[in-house]
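To start, I am sharing the structure in question, which I have written as structure tokens.
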Amino acid sequence: MMVALPMVNPHVEVTALIPGWVDVVAVALAAFFTGVALTERRTALVGALFAGVLVGIGGGVIRDLLLGLRPAATQNHWYVLIGALFALLGVMFAHLVPVDAWLSLLLDSCVIGLFAVIGANKALVFDSPWPVAILLGVTTGIGGGILLDVVRGDKPIIFGGDSQWAAPATLIGTSLCVGLAYVLPGPAAGWIGGVTLVVLRMCGAKWHWSDPTVHQVSLPEQRSSPAA
Amino acid sequence: MMVALPMVNPHVEVTALIPGWVDVVAVALAAFFTGVALTERRTALVGALFAGVLVGIGGGVIRDLLLGLRPAATQNHWYVLIGALFALLGVMFAHLVPVDAWLSLLLDSCVIGLFAVIGANKALVFDSPWPVAILLGVTTGIGGGILLDVVRGDKPIIFGGDSQWAAPATLIGTSLCVGLAYVLPGPAAGWIGGVTLVVLRMCGAKWHWSDPTVHQVSLPEQRSSPAA
Amino acid sequence: MMVALPMVNPHVEVTALIPGWVDVVAVALAAFFTGVALTERRTALVGALFAGVLVGIGGGVIRDLLLGLRPAATQNHWYVLIGALFALLGVMFAHLVPVDAWLSLLLDSCVIGLFAVIGANKALVFDSPWPVAILLGVTTGIGGGILLDVVRGDKPIIFGGDSQWAAPATLIGTSLCVGLAYVLPGPAAGWIGGVTLVVLRMCGAKWHWSDPTVHQVSLPEQRSSPAA
């Protein structure tokens, strides 16, 4: 089979790394919505701050570790401070926020899209081959949420259930972003991938698309013994 | 908003890194108590050794990775060896240990305090800004226990339940330790922060302080529809 | 107690690092069987791909991070691509694979053995002391599976239950592999350790050996108060 497993340096039209403050804005939004969501449950305050920081920086930390970098989130004081502060604000003002389900979903999708594009961009800038860039984009996008689900003992939506098409939209949008980065300038690829992600997610939620399941691609339908 | 996200080099009165053998003593204590606690349940022996190592080195490993360092726990043979050995001793001698609830709680608090101060100290020595130092101190203090809860499928105490004030005490003690490190010599800051952590935890357990919850800081009490 | 915590450089007969394509073959097998196993449950397709990649590369990623290295799995495109592809193939052809319980168990054991030997080899090549090499071998062997269990909310088999002796066999085989590496050439140590792991696992499953539990090493049987 393959022998050398060469390092594939993608000939990507790398522009620049997306600036850090965009990342911090995404962290603030993610932490805020985490705080808002937690008021529905009996959660300890320290746990809520921890959850906000975890969802805010978790995906990016995993991405940076997988790239062999010191995580951006521990190199300055903004990430942790903003994550904890906005989780607290989310908890405090949860009942004042006029909760429109569609607006919430739109903002949640935008945060996922922002994180996914930032993650894919950083992976490509640091010479990752395209499958790695897609994995790290998806991880940055929904990794923080998966981490919180895992830590809280909830089953992550990526495995099914009521994800409102978050997982497929993230995979498709991120793949588009990475693929287009080979032929388009970086910002164009990022915008197209990110907007596609948000639009697909919103359409999926609006028309109740169900996530594709393993049964739909399982080849032979002759599940011979219907026992069990 | 902020543009450059500068690396904040704290003007901390850095003394020296707390020596490694203190860390290893904390690992031994943490692993031993993990082993003692596991005999109450039907646990596989290999799992108990794994749990002891995980609780002993887990928090410190996460801290070191977040600092961009090779984990201390894999750089010499003491950490893993001591963790596994003391977990085994904990399992073996669990029924000989005269279990006084208050002594157990005191020792448990001391282990958390020791880990938290070691973690905050290391973060500051490696130029972390103060919010990062607090996060990493708390992570080193209770990260190993959270990891074990997550791996075993238990809900971590940081999110609520019967934490006996462990989470708030850890956050307050670590914050004090980090804050005082800016104005006091390192050892003084560490002792004050660590002792505060232990005292708060013991007081919290003694007088049944309940962890502050998100409902207590949630601003408007007009939870309009009391349904559900 | 000990003062310097010296870095123990093992005088191991280090030969060469096991070539990367062996690792990728193990990833393919692990991802394929993960896909096959997931068709028994209602899993989202994106989740199945994610699970295949997680089980395939998860253990090795943790090993590399603990060694302070950039994970091998993100340095070329094979790992992620092969992991996702073979998870998809596993899902698609699950019902065509003639499932013989013993053949499945044998292949599963071989994958664990392959990963464990690869992990211990890499740890020793990068100058890890023997307790660390054993830990990292075991982690590479069963870490991916533990990660999937944790993320899915299942209790990892390492803590008990129906592991079919996977955990003890992995610990014994890996320890043998690491220990023999001090006196035998690397390949011989690897083969002996790996084959021992597979044979022990198969024997354990065949004769229904139960995993040793903490109660079997717990010293005094005088559990005085049988209450609770």
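Read from first to last, the chains carry the letters A, B and C; within each, the first residue is number 1.
Following the convention adopted for this analysis, a contact is a pair of C-beta atoms (placed from the backbone, for glycine too) under 8 Å apart; a residue touches a chain by one contact, two chains touch by 3 or more.
Everything quoted here is computed from the prediction, not taken from an experiment.
Between subunit A and subunit B, two touching copies, which fits better, same or different residues at the interface, with half of the numbers shared as the threshold?
different
Through what angle, to the nearest 5 degrees, does subunit B rotate to match subunit C on its C-alpha atoms?
Between subunit B and subunit C, the superposition angle is 120 degrees.
What whole-number Å value describes the gap between the mean CA coordinates of subunit A and subunit B?
Chain centroid spacing, subunit A to subunit B, equals 28 Å.
In subunit B, what residues contact two or more other chains?
Expected reply: 65, 150, 153.
Which residues of subunit A touch subunit C in the complex?
1-3, 5-8, 65-68, 128-132, 134-136, 138, 146, 150, 153-156, 158-161, 163, 167-168, 171, 211-220, 222-223
Which residues, counting only subunit A, touch subunit B once they are in their complex?
19-21, 24-25, 35, 38-39, 42-51, 53, 61, 65, 69-71, 73-78, 80-81, 84, 88, 91-96, 150-153
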